[in-house]
Amino acid sequence: MLYGGVNKPQHRFGQSVFDCTSEQCVSDHKRTMKHRCTLKHDIFKEFLAEFLGTFVLVLFGCGSVAQTVLSRNTMGEPLTIHLGFTTGLMMGVYIAGGVSGGHLNPAVSLAMVILGKLKIWKFPIYVIAQLLGAFAGAAGVFGLYYDAFMEFTSGILSVTGINATGHIFASYPGRHLTILGGFVDQVIGTGVLVLCILAITDKRNIGAPKGVEPLAIGLIILGISISMGMNCGYPLNPARDLGPRLFTAMAGWGMEVFSTADHWWWIPVFGPLIGGITGAVVYFLLIELHHSDPSEKAQQKPEEEEDEEEDDDSSLRDKYEMITMG
Amino acid sequence: MLYGGVNKPQHRFGQSVFDCTSEQCVSDHKRTMKHRCTLKHDIFKEFLAEFLGTFVLVLFGCGSVAQTVLSRNTMGEPLTIHLGFTTGLMMGVYIAGGVSGGHLNPAVSLAMVILGKLKIWKFPIYVIAQLLGAFAGAAGVFGLYYDAFMEFTSGILSVTGINATGHIFASYPGRHLTILGGFVDQVIGTGVLVLCILAITDKRNIGAPKGVEPLAIGLIILGISISMGMNCGYPLNPARDLGPRLFTAMAGWGMEVFSTADHWWWIPVFGPLIGGITGAVVYFLLIELHHSDPSEKAQQKPEEEEDEEEDDDSSLRDKYEMITMG
Amino acid sequence: MLYGGVNKPQHRFGQSVFDCTSEQCVSDHKRTMKHRCTLKHDIFKEFLAEFLGTFVLVLFGCGSVAQTVLSRNTMGEPLTIHLGFTTGLMMGVYIAGGVSGGHLNPAVSLAMVILGKLKIWKFPIYVIAQLLGAFAGAAGVFGLYYDAFMEFTSGILSVTGINATGHIFASYPGRHLTILGGFVDQVIGTGVLVLCILAITDKRNIGAPKGVEPLAIGLIILGISISMGMNCGYPLNPARDLGPRLFTAMAGWGMEVFSTADHWWWIPVFGPLIGGITGAVVYFLLIELHHSDPSEKAQQKPEEEEDEEEDDDSSLRDKYEMITMG
Amino acid sequence: MLYGGVNKPQHRFGQSVFDCTSEQCVSDHKRTMKHRCTLKHDIFKEFLAEFLGTFVLVLFGCGSVAQTVLSRNTMGEPLTIHLGFTTGLMMGVYIAGGVSGGHLNPAVSLAMVILGKLKIWKFPIYVIAQLLGAFAGAAGVFGLYYDAFMEFTSGILSVTGINATGHIFASYPGRHLTILGGFVDQVIGTGVLVLCILAITDKRNIGAPKGVEPLAIGLIILGISISMGMNCGYPLNPARDLGPRLFTAMAGWGMEVFSTADHWWWIPVFGPLIGGITGAVVYFLLIELHHSDPSEKAQQKPEEEEDEEEDDDSSLRDKYEMITMG
């Protein structure tokens, strides 16, 4: 998670091993017991947070596309769509960040698994929460703009043609794009997204202050949407793309949403996963690997007050648990 | 209030009960006395802060609509209007945040009452301050652009037609919108607004740092305006909508402002109130309820220095008094 | 100044009177001596900071107008001009904030004098620095775009007509505007500007964190430009308007820059001064006056560690020296 | 570097000389040894960070130009290009800031050498890393949009004409611009860039908080692009301009990229270097030189706790090592 804080007694346990006073130890023991009991509760609350965060992300993001398309560009433009996904991610991370890490994206969760920051058994649960959240977000947009959809489409929901509305919810490739080009696009785009998220949340790098990360992370989307959005509209997120696509399949657009454009749908699902891994590996190899070993540092100042110790330690831990749910 | 700080001796009292030294107790006692005396003063200064904050919100927000409409879109566009309400809310919260919590919106105040963060007897006083502030803000916009209004309208202030100016001050529904659609729109929009405000100010979640909340809260408006603004222009706030509507009724637009569009006016008054409650309940049930109990935590580290204690405590208190006036 | 920090030994002196230990006192004494010696140096460095900050403000601000006008709107639009002044003010405050308070505006300096946050004898020196900085900034814009000016105007620098370029540097009123309307516009606009600056830098309100104030202050300009810019383009600042106007008078536009529009030039000089005072008085009466008296607070916790004391004290002092040069 | 933190044991050594306890000294000694061993490692990791940061800067920046040009302005506009470079710099600094200082620009590195904040022997290594990063970024943009390039150009990559694409990667002057005008443009633009970077990272000025600097630094680019972008499109950075230009020369655009516009290419290489020096000298002479001498301050409070001492010291050191790689 973006910041462990109150919610992670288990890490505090590991930490206090170093400087154990008797009262401390007893309370730590209690904490460990507590920890085992609350594990189940932890994954449940993380599920809820990822669900709600992804819901808001899609409500803002797809909502801004809907406003632009349904108003025939009179109340929106490409830039407002970019800002819709930007603010959607900001708010989604504010909602889920302190509980589940605010991944809101299976590609990010997978990258965290690869880096050892998310336990692998939690990965499918995160993905389900994200998919359901995105599905619900798409339903929210449809409900919000039901009247406008009916007026715009005269009731005929379609993926192609002049009154197409399918692209409000899920990505479709530009005409110029090849399958390979689309896949490369998603790998590069998601790779950069994960790379920047890791930099922003890396307390051993310059790192955004606690509580400012959501704003900085949102700005990544602004940058990517503006520079890498022309091929297929920067899905970058299997849940954000597949969830709403499933919704449209069920809500009246039909199976065309999967078959269109040579079964394009799988590219924004698997491309981002590969991209997320790539971004994580690149950041690890080029930056994170070369940070000075913090264990040395801990060793070097055994005389300093506990207060400071804790800071060091938490910055070390941050590295491993940052944007994870631990 | 967004952060208790200097202005809330009463909470500090409750807190210092835990570690009472004799001098401390005496001074606490004095503080309690003081507290009783200043209660009346508190609600007065909260009234002034809500008034001034809402004034600035409406001055910026409705001002940006006026600039766009009166210049016939040459000096404004939808995005500048969105940014007008965004910066208006940011500045309004900077003005009122440290005194009254910076609600600036009866729907937010009601949500705070529901969550126990605002005493119910203060609610009507807040609402009156917000209404008066919004009314004054509308008057300010009219005064600022009096010359331009006269030129644009040739002196005929109307709600419909090509030279309509009523929508500068209050919301009117798009042609496609049904009554139900409008109500749902206001419930969803205000629900998301309150949800995100609660996330941003929740110190047990990732939470924006003190003094950065106004910026993050403003960005919610940017997101909503871009993604949920097409139906009726995101009023989301009974005071922001009803106050200026009352002003227009009195300043020359006439009772048409209430009767137009099947008496639309009550939807942006009652929709947001329901929406605010909904958002508060959703955030509470899905996120806040599952935060680890901070009382446990306080129990777990009785040996740590007072300094830290205070931090914990204030983060706990933040939860209850955040965006409230204590 | 926005934050006293290293540069204000004199205030630290006053503060340490309360808890005087012998070594402390001696060093304080030395500091006081030092203080007297450096007073002259202080006003000199404040002069330089205000000069450089205002130079950057005008370079960015007028530069963005120049880019928009000279490219005949192909490389700029109203929004980019707004963002030019916004980022200009942000950067100007980063440059001058820690030294002179980053007023960059005689109206702000005057408001600080009224509030007792700037010594009156420093006021004219600040104003001269600001005027010179704005003049130099205008010269910078002219130098930067000299080739473009020559192409655009064919060498004929004029204030009116299709190839007018005078409004790149200084404000001229819209056709609809009366003298009274213009004056009211400048009073309201500058009043809101000062009001929001005071809120953002008031550490007893919610207040932006140290180092974030310049970003928040810049956003005030974004809001005002979008909502109150239609009458005459938000000069809001006697130096920013008069300095570049003087430059144009001398650089080839002639005395027409003063005579045009019924000698409009004096309104953006005197309007903002009245507006600044108004904003300061409103903020003081409605918000600042009602903050709990911090001297009480200091009295209430005499037992707490010096560390905390200092914090309280500095927040108190912040109130008085904030955005001033001490 | 933007903030020394964990990665700079050598500076911590100098600092702890002042208050040496025996254990401390021993560990410092170890640290010094360590330091000598890791010097080689340091420059290697700084190389990687500058490479990756500049890669992201160019990927976002040139990517946003590509999106605008290749979509024939339907999916981009001048403002999105400005925001592309803005967010690109923000993210590049987040990636490299904590390791190498996040210069991402030979002009910034040279300014740091002049100010004694970067050792001169590191300068060429930084420049090579930046050039390679920019070259790789251009290749990334070409790969990402390969399909779109082929469609747009029908396979003919050219620098001039209606389907020109060379200006996606490197700057070319506007028709109105003279050689002298172009050189002055680059000197002023880069001078202001370096001036503002120095202000934002100067902890003895108001200074952005740790981790917020990248956002503030990015906004400089937004301001410059909007106000000084009309002459030749604000390259401001020899690596950002020459690297992609080299890529285009090799990838099919041919040597025309160097010969066009009277061999324009050398101006955005040498202009920024002169500009960077100018900006550094101006900031030093007008602002930094006049900060109170911090050594005095250290002297003045020998009785205060080590904790505070460290703060002072680091703020002093920040001055010298800020945005450097130490």
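We call the chains A, B, C and D, going by the order they appear; numbering starts again at 1 in every chain.
As a working rule, contacts are C-beta pairs under 8 Å (C-beta built on N, C-alpha and C of every residue); 3 or more make two chains touch, one makes a residue touch a chain.
From a predicted model like this one, the values you see are computed outputs, not experimental measurements.
Among the remaining chains, none touches chain A as well as chain B.
The rotation that brings the Cα trace of chain A onto that of chain D spans 90°, given to the nearest 5. Counting the residue numbers used at the interface between chain C and chain D, under half appear in both copies, so the two copies meet with largely different residues. Per-chain Cα centroids separate chain B from chain C by 28 Å.
A separation of 40 Å divides the Cα centre of chain B from that of chain D. Multi-chain contact residues, meaning those touching two or more other chains, occur in chain A at positions 79, 209, 212, 215.
Shown here, the protein chains touch around one cycle, each chain meeting exactly two partners. In summary, the structure contains touching chain pairs A-B, A-D, B-C, C-D.
On the side of chain B, the complex with chain A involves touching residues 78-79, 82, 174, 176-178, 181, 184-185, 188-189, 192, 195-196, 199-200, 202, 204-209, 212, 215-216, 219-220, 222-224, 226-231, 282-283, 286-287, 290-292, 294, 296-297, 300-303, 305, 315. Those residues of chain A that touch chain B in the shared complex are 1-3, 5-7, 9, 21, 23-24, 27, 30-31, 34, 38, 41, 44-45, 48-49, 51-52, 56, 59-64, 66-67, 70-71, 74-77, 79-81, 83-84, 86-88, 90-91, 93-95, 97-99, 102, 140-141, 143-148, 150-151, 209-215, 307.
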